[in-house]
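A short write-up of the structure that comes next.
The letters A, B and C name the chains in turn, as written, and every chain counts its residues from 1.
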Amino acid sequence: MAKIEEGLYYSETHEWVKPEGGEALVGITDYAQHALGNIVYVDMPEEGDEMTKDEEFGAVESVKAASDLVAPVSGEVVGCNAALEDGPGLLNSDPYGNWIVRVKLSDASELDTLMDAAAYAEFCEKL
Amino acid sequence: MGFSYFPHTDGDIREMLGRIGAGSLDGLYSDVPQEFIFKGEFDLPEAMSEMEVRRRFAEMAERNRKLTVFCGCGAYDHYSPAVIPYLTSRAEFQTAYTPYQAEVSQGTLRYIFEYQSMITMLSGMDCSNASMYDGATAAAEAMMMSIACTRKKSRVLLSRTLLPQVIEVVRTYAGYHGVDIGYVAADGGVTSLADLQGQLGQDDVAGVLVPSVNRYGIIEDLSGFADAVHAHKELLMVYADPSALAVLKTPGEWGADIACGDCQSLGLPLSFGGPYCGWLACRKEHVRKLPGRIVGETVDMDGKRSYVLTLQAREQHIRREKATSNICSNQSLMALYVTIYLSLLGKEGLREVNALSYGGAHYLYDSLLATGLFEPVFDRPFLKEFVLKSSLPAAELQQALCEGGFFAALATEEGYLSFCATEKRTREEIDALVACIKDFAHKMHERK
Amino acid sequence: MKYYDKLIFELSKPGRKGYSLPAGKWTATLSSIPENLLRSEPAPLPEVSEPDVVRHYTNLSGMNFGVDNGFYPLGSCTMKYNPKINEEAASLQGFASVHPLQPESTVQGCLQVYHELEKALSAVTGMAAFTFNPFAGAHGELTGLMVMRRYHLDRNDLKRTKVIVPDSAHGTNPASAAVCGLQVVQVKSTPEGLIDVEDLKSRLDDTVAGIMMTNPNTLGLFETEIREIAELVHGCGGLLYYDGANMNPLLGKVRPGDMGFDIMHLNLHKTFSTPHGGGGPGAGPVGVSERLAEYLPDPKVTADADGVYHISRSSHAAGRVSGFMGNFSVLVKALAYIWTLGRENIRMAGPLSVLNANYIKESLKDVYRLPVDRVCKHEFVFDGLADTSTGITALDVAKRLLDYGFHAPTIYFPLLFHQSIMIEPTETESKETLDDFIAVMSKIAEEAASDPEILKSAPHNTPVRRPDETLAATKPVLAFNG
């Protein structure tokens, strides 16, 4: 059973969002890391790139699979987690402790379109 | 019945059909609409015995004229050691598939790893893939790779001094791939840095491809190119003859981000244009966009050093329409030719090959000018290949040379005559070529 | 035998050499090249003797497994026997020493090979014309799609930007379409693994450039609705592309041209017996129907009435896809194969490959799960062991087969099943070989129940065992660095 953390927002493509002021951290869920297996590379955008909700902003690769990262919210990328460059496996060992990008939210109301922990748990149950 | 490639006896077929529960071999096609079963006679010759096949191919091979090659233009008549065909024809190399099952493919995986290493040594780049089809398609992949590396940009510039077939293939790929191609003008036989600078900095330029040794045989001086290109966050791509890189400044030293070319000059037979072996290499930061197979080193369950296909998440069988390229295979066996060639020639031998080619080509150049029938076009340094101007009629000259047993003086688009001499060409052969040209000029003169 | 663990670089010693070149007595020397055009350090290539090189690569070959070593039932790869007369023909000096830019009159023998092979392949496939410039199957696909686009563009039919690809297709199909600037639209498979014709109908309109199909498909099943599919696609103005990766079972029996396909490629290294070479060189000639012939890429070989061959260009050509004219020596091998088979024996090639595949399938379907139980063509797919309680995966079965001296089948493809094991025996394997394979596969199924550990830790008898792919991809080491 995949772990789900309370207090985060979740997308149907298994990204999580943690708002912090006008910004938010974005990562992938335990369910996603489990489905991919050993993650060997995270293709991240560059700081200053704009990401648009529901559009791809990078990819996570395992040995024999690759999955696009789909933006759960829109905004400017203000930070990328450099630790993932040398340690992509961090997403396997602690998916909620390791964010991928920090975004300056352009429309905070987009958070309302995402699921809370309970709704995401129910969503995963049905998969 | 009975045919040497099919082991089945009539009894085998009966027994096997029995196990399957089919009445006949035709019964195995009962799912195919009967109108699609081919019932006619194939328009093919009757089966030939091995002796007949041997004779027919010998006859065709003899229909080609044996010529002494004094031309390059992308395919070079270099010496190839006897060891190469001996080793590359080993069945374990030749009849294996792509090394998916690493446990029974360490032979292939190791030589590809060696090949990749040697390409990085020659090119001064960080990473090489396991090889491409040929130089022209490697250049096309480099073009698409530059688009993938820079995201969102859609224009690539090509130097007018690249080989014509390279330009044509890159342009074809670009046209379908939605990439706009621009050209950097030639000035005095080399890529114009001034013209390039005028075109850089337009928002949509992803990169520029320039040759190391160009279509006229001239060694280009790429000083200032990398700085100019990088100032606009664009990529410098260099097309190079890997044989020449034993002595010439490497793409890495020129500051290239991506480099490519054709390995034919490293021990591969001319073989009417193929199979050859393209090479493609890049700086470390771009390796995830490098198309094609890549072999990496790792350890096995018991801690033994071993080799595997790696970074596969880039590839078509995983990314499907999102892959950088559709390429599945490499030219593995040709990469083995290259690897064995470079092992034999090694650090010193490849330099000697260049020194001998240089000496012979310059002797040819001087001898041709001494006839008074040719004029220099560009006064620039060259290695083994050069162009000259002449008032001799090109087509007739080439015809006469063929009759004399030479392939030389290929006319370029600009009307120059192209010549090349590798380490295989002897003084006697060069003297004979020059005599044949003089003889032709003499006859032309008499005819007038 | 002792495990051989050297790289050529580790045999290097300064002062050794593995070549002999003539003493050049030229006056011009490299020192006259301006310093700034020369590399600063020599390339650190190995310095080894000739015997070192021969022994090293002979030892490496000992760690490889080819068709000549044993049974290679790799699904979708058609690992048939590679005849040796083909190799002899291709290495004739009269072919090997020809420069690709030599004048036509001096290369009539080479051009004849193109002409003869075009005739032969047209006869076998029912297509009208071929280009031999593409180097491989994927390259052929891309070329074929370029022809498709050029055809529509040439008719000023600019809206056709989509290509339909079944969800069961090889990954190459959508990748080729994307490289060619086409948008991929997936069509669903029915539970029986065939194209869902109703789903197809819903996707057809005047933006469709064409459909890419393999027939038989990646499950080895013949697309029985092909007539209707062809009518539907042609009806909306699209073209049918035939991916020749699965042509082998149809060889001598069914011609793609007769089924309504407009464009196709062939993998000469599959159906026409040329060796795979550890990943290449292959050849991916593209055949087209009459109305598309002028769109084939440049240059092309033509014959005039006097039997003289020419290299020609077309003003409608889809462009140029290779530096010269493809992998010529591979073409020689394929032609030698076809001439050896002749019009009589070619009729048996497809049927015997289908016989072999069905024989294995029927012999093993009680111990391995067969998701679609009907007559297959050249290959079929098991979805793991019939007994799913053991936890044994397709990977475990594949690795254990290596211990028993067989190459593994293709695994985890097609993606329609979780434990795909895709088996393609080809027509050049004897009943005895198949019986041995069947016995070993049955034994592995028994081991799965009695001794699963031996499968999970397999292979045991190979030079290396399950290399760590995660390490390789996380910390890539892609070149030797001292």
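A few remarks follow.
Please note the rule applied: contacts are C-beta pairs under 8 Å (C-beta built on N, C-alpha and C of every residue); 3 or more make two chains touch, one makes a residue touch a chain.
Remember, predicted model here, so these are calculated numbers, not experimental data.
The chain with its C-alpha centre at the largest distance from the centre of chain B is A.
Each of A-C and A-B has its own count of C-beta contacts, and the greater count is at A-B. Rounded to whole angstrom units, the spacing between the C-alpha centres of chain B and chain C is 20. Averaged C-alpha coordinates put the centre of chain A at 38 Å from the centre of chain C.
One inter-chain figure worth recording: chain A and chain B are separated by 43 Å, centre to centre, where each centre is the mean of the chain's CA atoms. Residue positions 311-313, 318-319, 322 of chain B each touch two or more of the other chains. Of all residues in chain A, those touching 2 or more other chains are 40-41, 61, 63-64, listed in ascending order. The multi-chain contact residues of chain C, meaning those touching 2 or more other chains, are 469, 473.
Across the interface of their complex, chain A is touched by residues 288, 311-313, 318-319, 322 of chain B.
Those residues of chain A that touch chain B in the shared complex are 40-41, 43, 59, 61-66, 68. Listed in rising order, the residues of chain A touching chain C in the complex are 38, 40-41, 61, 63-64, 88-89.
Listed in rising order, the residues of chain C touching chain A in the complex are 412, 469-470, 473-474.
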